[in-house]
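Chains here go by letter, A, B, C, D, E and F, matching the order in which they are written, and residues are numbered from 1 within each.
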Amino acid sequence: MASLDPVILFFALGLLAGLARSDLRLPAAIYDFLTVVLLLAIGLKGGVELARQPAAALLLPSLAVIAMGLVLPLLAYAWLRLGLARVDAAAIAGHYGSVSVGTFAVAVAFVQAQGLAFEGYLALFVVLLEVPAIVVGIVLARGLAAGTRWGELAGEVLLGKSIVLLLGGLAIGWIAGEDGLAPMSGLFVDLFKGFLALFLLEMGLITAARAGDLRRSGLFLMAFAVLFPLGSAVVGATLGWLLGLSVGGTMLLATLAASASYIAAPAAFRLAVPQANPALSLAASLGITFPFNVLVGLPLYLGLARWLHA
Amino acid sequence: MASLDPVILFFALGLLAGLARSDLRLPAAIYDFLTVVLLLAIGLKGGVELARQPAAALLLPSLAVIAMGLVLPLLAYAWLRLGLARVDAAAIAGHYGSVSVGTFAVAVAFVQAQGLAFEGYLALFVVLLEVPAIVVGIVLARGLAAGTRWGELAGEVLLGKSIVLLLGGLAIGWIAGEDGLAPMSGLFVDLFKGFLALFLLEMGLITAARAGDLRRSGLFLMAFAVLFPLGSAVVGATLGWLLGLSVGGTMLLATLAASASYIAAPAAFRLAVPQANPALSLAASLGITFPFNVLVGLPLYLGLARWLHA
Amino acid sequence: MASLDPVILFFALGLLAGLARSDLRLPAAIYDFLTVVLLLAIGLKGGVELARQPAAALLLPSLAVIAMGLVLPLLAYAWLRLGLARVDAAAIAGHYGSVSVGTFAVAVAFVQAQGLAFEGYLALFVVLLEVPAIVVGIVLARGLAAGTRWGELAGEVLLGKSIVLLLGGLAIGWIAGEDGLAPMSGLFVDLFKGFLALFLLEMGLITAARAGDLRRSGLFLMAFAVLFPLGSAVVGATLGWLLGLSVGGTMLLATLAASASYIAAPAAFRLAVPQANPALSLAASLGITFPFNVLVGLPLYLGLARWLHA
Amino acid sequence: MATAVRKLVTIVTEARIERQLLAAVEAAGARGWTITDVRGKGSRGVRRAEFDLSGNLRLEVVCETAVAEAIAASVRERFYADYAMILYLQDVEVLRPEKF
Amino acid sequence: MATAVRKLVTIVTEARIERQLLAAVEAAGARGWTITDVRGKGSRGVRRAEFDLSGNLRLEVVCETAVAEAIAASVRERFYADYAMILYLQDVEVLRPEKF
Amino acid sequence: MATAVRKLVTIVTEARIERQLLAAVEAAGARGWTITDVRGKGSRGVRRAEFDLSGNLRLEVVCETAVAEAIAASVRERFYADYAMILYLQDVEVLRPEKF
C-alpha cells in the first residue's frame, strides 16, 4: 500500500496544535487566498488537458458522473433516515453526494507523488459533481412543493466561489493552453504543494476546533461518516474503471465520490433548508470524513483502483 | 496586431463573476499583499536597470516626462469643462494626467510576452508622472488662493503607498543590483505574472461592483474615458519616440499616458478637493479606462509604437 | 568585515517610510502569513538536517544551550536592577534571555549569502532557548510563591505560535526528509528570502511606529539594549566554539544569544506579570535590539565567530 | 445642539445571510446600514470566522421607531426560528434627523 | 412589540487577554457574547493591531442587571489595575428576554 | 456599583479621513477613542472595503457632554458637507468617570 504523502503531516500538525489549544491560527484572509489559488490551479491544469480532448468524447462520461451525483445522495438519505429526522438526513445526504475540492487537491498531490498520470478532465468532474447532489438534498428536504426559490438558490450555488474558480480556471486553461500559462507557473504550479500544506495545516486547526460538535453528533452519524465514503469510493472507482480511466483517474473519481462537501453544500442548505442543523453536517463532513479520507482513505482508494485495473 | 495576453482572461473572469453577482471575493488583505509585491517588483527591476545608466542621460527625458504630466491634465480639463462643473472637471483631469501602476504592470507583462525589451527606467517615469497632474488638478479646482494645506497634502501624496514602494524598490534595486536581488527572485520575478493574474481577477470584481456608478456617470464622461486615453497615448508614444526609446519603451510610455490613476489621485482629491464627487472620477478611471486600456488599448498602443519606429 | 545583505534594505525602507509617516502598511493577516511560512521553513530545514544527526550527539549541546538560556536572564536582571523596578527588570531580562526568530531568519540568510554552511540543528536551539529565560523572568518577578498558574502559563508559552511551528516543522522535516519536502520547496525554499524581505519591511514599519515608546524608555534602557546583546553574543559565540560548531553555526548561536524575544516573551509576561510595563520591554527588544542586531550586529557576530575559529 | 431621537437597531447573526438580511431590512424601510464582521457565542454555540462564512456579522440601522419595529417584525418572522441571531434596540440622539 | 429591558456591557481591552476575559465573563453568568477586533487610544497609549495581538478587542454582552454587575465587579478586580481597559453599560430593549 | 453617566459619541464615515478625524476629535478634548473597520450604505451609496480605503470606519468616544458637543460641532463644520458620515450620541454608565 502506498505510503502517505508528507503533506498530510501538516494536517496532523494543525490537528494536534488545535487539540492542545495552541494559539496558532491562520488568518481567514490567508485561508481564502490559499483556496483561491488551489481552485484556480486545479481548474487551469484541467483546462489545458481538456483542450487536448475531443469534446464529444467527454459527453458520455460527464452524463455518467452526473448520474452518480444524483444516485449517491439517495443512497445516503436512505441510510440516514434510519437514525435522523427528514431535514437533517436530506441535508447530510446532499453534503455526501457533493464533493470536497480540498480532498481532491490532496488526492491529486498524492497521485502525482506516486508518479501516476491522470485524466486532466477530472477537474471538470469536480464541477459536475458539486451541484446535482445539493439539488437532490433540497428536494428530499422540502419536496417539490412550491416555496423553494430555485432561481435565488441556483444563483447562490452555481455562482459559489468554488464553481466559479474551477470553471473559470478550466476556461482560461482551455483558451490559453500550456504555453500561455507557463509564465504563471511560478504561482499555480510551483507553489501548489506548499500552499496545499498550509491549507491542510489550517484544515487541521479547523477540524480540532469542531471536535466538540463531533462528540455531540452521536455514534450513528460517526459510523455513517466513515462507512458511507468507503461505499461511495467503490461506486466511484467502479464507474471510473467502466469509463476506461487510468489508475490515477480511477483513484481520483473514487476519492471524489468518497468526499463530502464542506463549502458549497453548507452554504446552499443554510439558505434552502435552514431548519437542518448545520452543526451535524459539518461535524460529519469536516470533522470526520475529511480527515478520514485524507489520512486513511487515499491509500485505500488507490489500492482499489489498482486492484480493478490488475 | 498582437494578441491579448492570457493574464487578461483573469480580468474577464472577475468581471463576469462580479456582474453575475457571484460571492467570489479576494480579501482586502490579499489585494494589498499583491499590490505591495507588484509595486516592489516593478521598482526593483527598474532600479537594477537604472544602475546601468549614466544618471545624467536621464535628466532630459525626466523633465520631458514631467512636462507631459503637467500638460495632459490641462488638456483633459479643457475637454471636461464642456460638460462638468469646475471641481469635478479638475479632479477628473488630475486622475487622467496621473498614472495607473496596475495598467503599467499589465503592459509590462504584455511587452515581455511579445519578446520585446524596454528601458528599465520606465519605472522611474511612473513615479515622475504620478504627482504633477495631481498638483495641476488641485490648483485648477481651488486656484492658487490660500487655504490649501500643501504641506499636509504633499505628505499624503508623496508618501502614498505606491510612490514609497516604487521609489523604495528603485533605490534597493539600484543599490543591490541583479546579483544582490537574485535570492529574492522567487518572489519578485517568478511570481510576478501569477500575482498579476490574481490582481486582475480582483480588479475585474471591483470593476463589476462599480458598474452601477458607471451608468450614473453619463455619456459625456464615458466618451471622455475612452477617447481621451487614445489621444494621450499618441502624445506619450510620440514623446517616447522623440526621446529615442525602444519600441517596448515607447509602447509603455504611451500606456502610462493613456492610463488614469485610481489609487494616488482619489486619495489626494478626497482630501484636497472634497467637494468633487469621487464616484465620478472612479467610475471613469476604474470602471471604463482601466478595462478599456487592458482589454483594447494595449495592442493598439503597441501598434502605434511599432508604426512610429517603422 | 562582511557587507550587509540586501534584504536589510527592506528594513531600512520600512523604517524610513514609517518615520516619514507614510500610509504604507502590510495588513496584519499578511504579517501572520509571512511569519507562519518563515517559521515552518526554518523548522523544516532544521528537521531534515536533524535526521542526519545521531540524536545522542545532540544531548550535551542541548543541555549547554538550555543552561545559557537560564544564565543570560540572570545576568540581564542583575544589570537592569541598577535602574529599574523589580517587575520591569525581571520582564525585560526574560525577553533578552529568550530569542527572536525574526533575527535568526535574517542571520540565516546572511550566513548563506556568505556561502557558509551551518549545523541544521540550530533550529532546535531556537526552540530550546525560547522558554527557559521566560521561566526565569517570571520567577524573578513573582518569586516561587504560590499564585503563579504554571499550568495555564505553560500552555500559553509552550503552545505559542512560534514554538508550535518550529517544533512542528522540525518533526515534519525529520519524518519527510529532503525528498519528501522537495515538492514544497517552491514555497519553503524559493520564497524564503523574498518573504524575509517583506517581513523586514513590516518590521521597519513597526519599529518606526514604536519610536515614541523608545524616547520614553530612557538612556539607561537604551544603553542596555545595545550593550547587553554584545555581551550575550560573546557568550553565545564562545559556547558555539566550545561545542565545536562551524563558523556559521557559531555565528548563529551568537546571534541567538544577542537577540531578544518580541513575540513569545511579551505574550507570556503580559499574562504572568501584568504589572510589568509592556511598553518598556517592547521598546527595548523591538525598537532597539532588533534593528541593532540586524543592521550592525550580524557582521560583528560573524567577525567574532571567524576570530574564534582562526 | 438641537438633536432628535431615533432608534438604533442592532442585529448579530450569521455572516452567511448578509444578502437576505439586507434585503429584508431595506424592504422594511431602512435608508442606510452599517455592517461589522464579528464573532461570538450564544445558544447556537460558538461562531468564529475560522473559514469562509462561519462567523457572525453585526448590522446596525439608525431609523425612526416605526421602521425599527418593521425591521424587528420582519426579521423575527423570517430568521428567528432557524438562524443564530440576537436583536436589540436603543435610543440615540442624532443631529440630522432627516437622514434617518 | 413587547420588549424587555436588559443591560449591554461593553468592554474594550487588550486582544491578548481574550481567553481570560471570556472565562471571567462566562463565570459571571453571561450566556452569550460578541467580539469585534478594534484599535484605539487611551491612557495606556495607542493600541493598533500592527502585529499579532498588539490590538484591542471589544466584548459585548447583553444580560440581566445582576449579571452585568457581576461582570463589572469581576473584571474590575482581575484586570483594571494591569490592563488597558474601559467598560461601560447601557440599557437595551430586547424581544426575547429569555435568551439573555 | 457606583456609576457615572457619560456620552458615547459614534461616528461612521470614510476610512480615508481617519487621520484628519482623529486630529479633530482629539482637538475637541477626547482623551481616548476606539476605531472599528466597517462597511455600509447611506445617502452616498454603498461603501465596502473592496480595496484600499474604500470602506468605512466607526469611531467611538466616551467623554463628558461638553466634549461630545465640541466633537459634534467640529465634525459637523469640517466634514458634514463633503464626506459620507453619520454621527449619533448615547448615554452610557461608566465605573471610572475620571478616565473620560
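Assume a residue touches a chain if its C-beta (ideal position, glycine included) is under 8 Å from a C-beta of that chain, and two chains touch if they have at least 3 such contacts.
Everything numeric in this text was worked out from a predicted model, so none of it was measured.
Enquirer: Would you pick out the chains that touch chain C and also touch chain F?
Expert: Looking at chain F and chain C together, the chains touching each of them are B, E.
Enquirer: Measuring between Cα centroids, which chain is at the maximum distance from chain E?
Expert: B
Enquirer: Where the CA atoms of chain A average out and where those of chain D average out, how many Å apart are those spots?
Expert: Centres of chain A and chain D (C-alpha means) sit 34 Å apart.
Enquirer: Return the distance between the CA-based centres of chain B and chain E, expressed in whole Å.
Expert: Comparing mean C-alpha positions, chain E is 46 Å from chain B.
Enquirer: If you average the CA atoms of chain B and of chain C, how many Å lie between those two points?
Expert: Measuring from centre to centre gives 41 Å for this pair.
Enquirer: Provide the list of chain C residues touching at least two other chains, using ranges where the numbers run on.
Expert: Expected reply: 27-30, 32-33, 186, 190-191, 267.
Enquirer: Going by the contact rule already set, what residues in chain D reach two or more other chains?
Expert: 36, 90
Enquirer: Considering every pair of chains, which are in touch?
Expert: The complete list of chain pairs in contact reads A-B, A-C, A-D, B-C, B-F, C-E, D-E, D-F, E-F.
Enquirer: Could you please specify the touching residues of chain D with respect to chain E in the complex?
Expert: Per the touch definition, chain D meets chain E at residues 10, 12, 36-43, 56, 58, 69, 72-73, 76, 80, 86-90.
Enquirer: Show which residues of chain B lie in contact with chain F when the two form their complex.
Expert: 28, 31-32, 202, 205-206, 209, 213, 263, 267, 270-271, 274-275, 279
Enquirer: Which of the residues in chain C come into contact with chain B in the complex?
Expert: 6-7, 9-10, 13, 16-17, 20-30, 33, 109, 112-113, 186, 189-195, 197-198, 201
Enquirer: Flag every residue of chain F that touches chain B in the complex, lowest number first.
Expert: 14, 16-17, 20, 45, 48-53, 55, 81-83
Enquirer: Of all residues in chain A, which touch chain B in the complex?
Expert: 27-30, 32-33, 36-37, 155-156, 159-161, 164-165, 168, 171-172, 175-176, 180-181, 183-188, 190-191, 267
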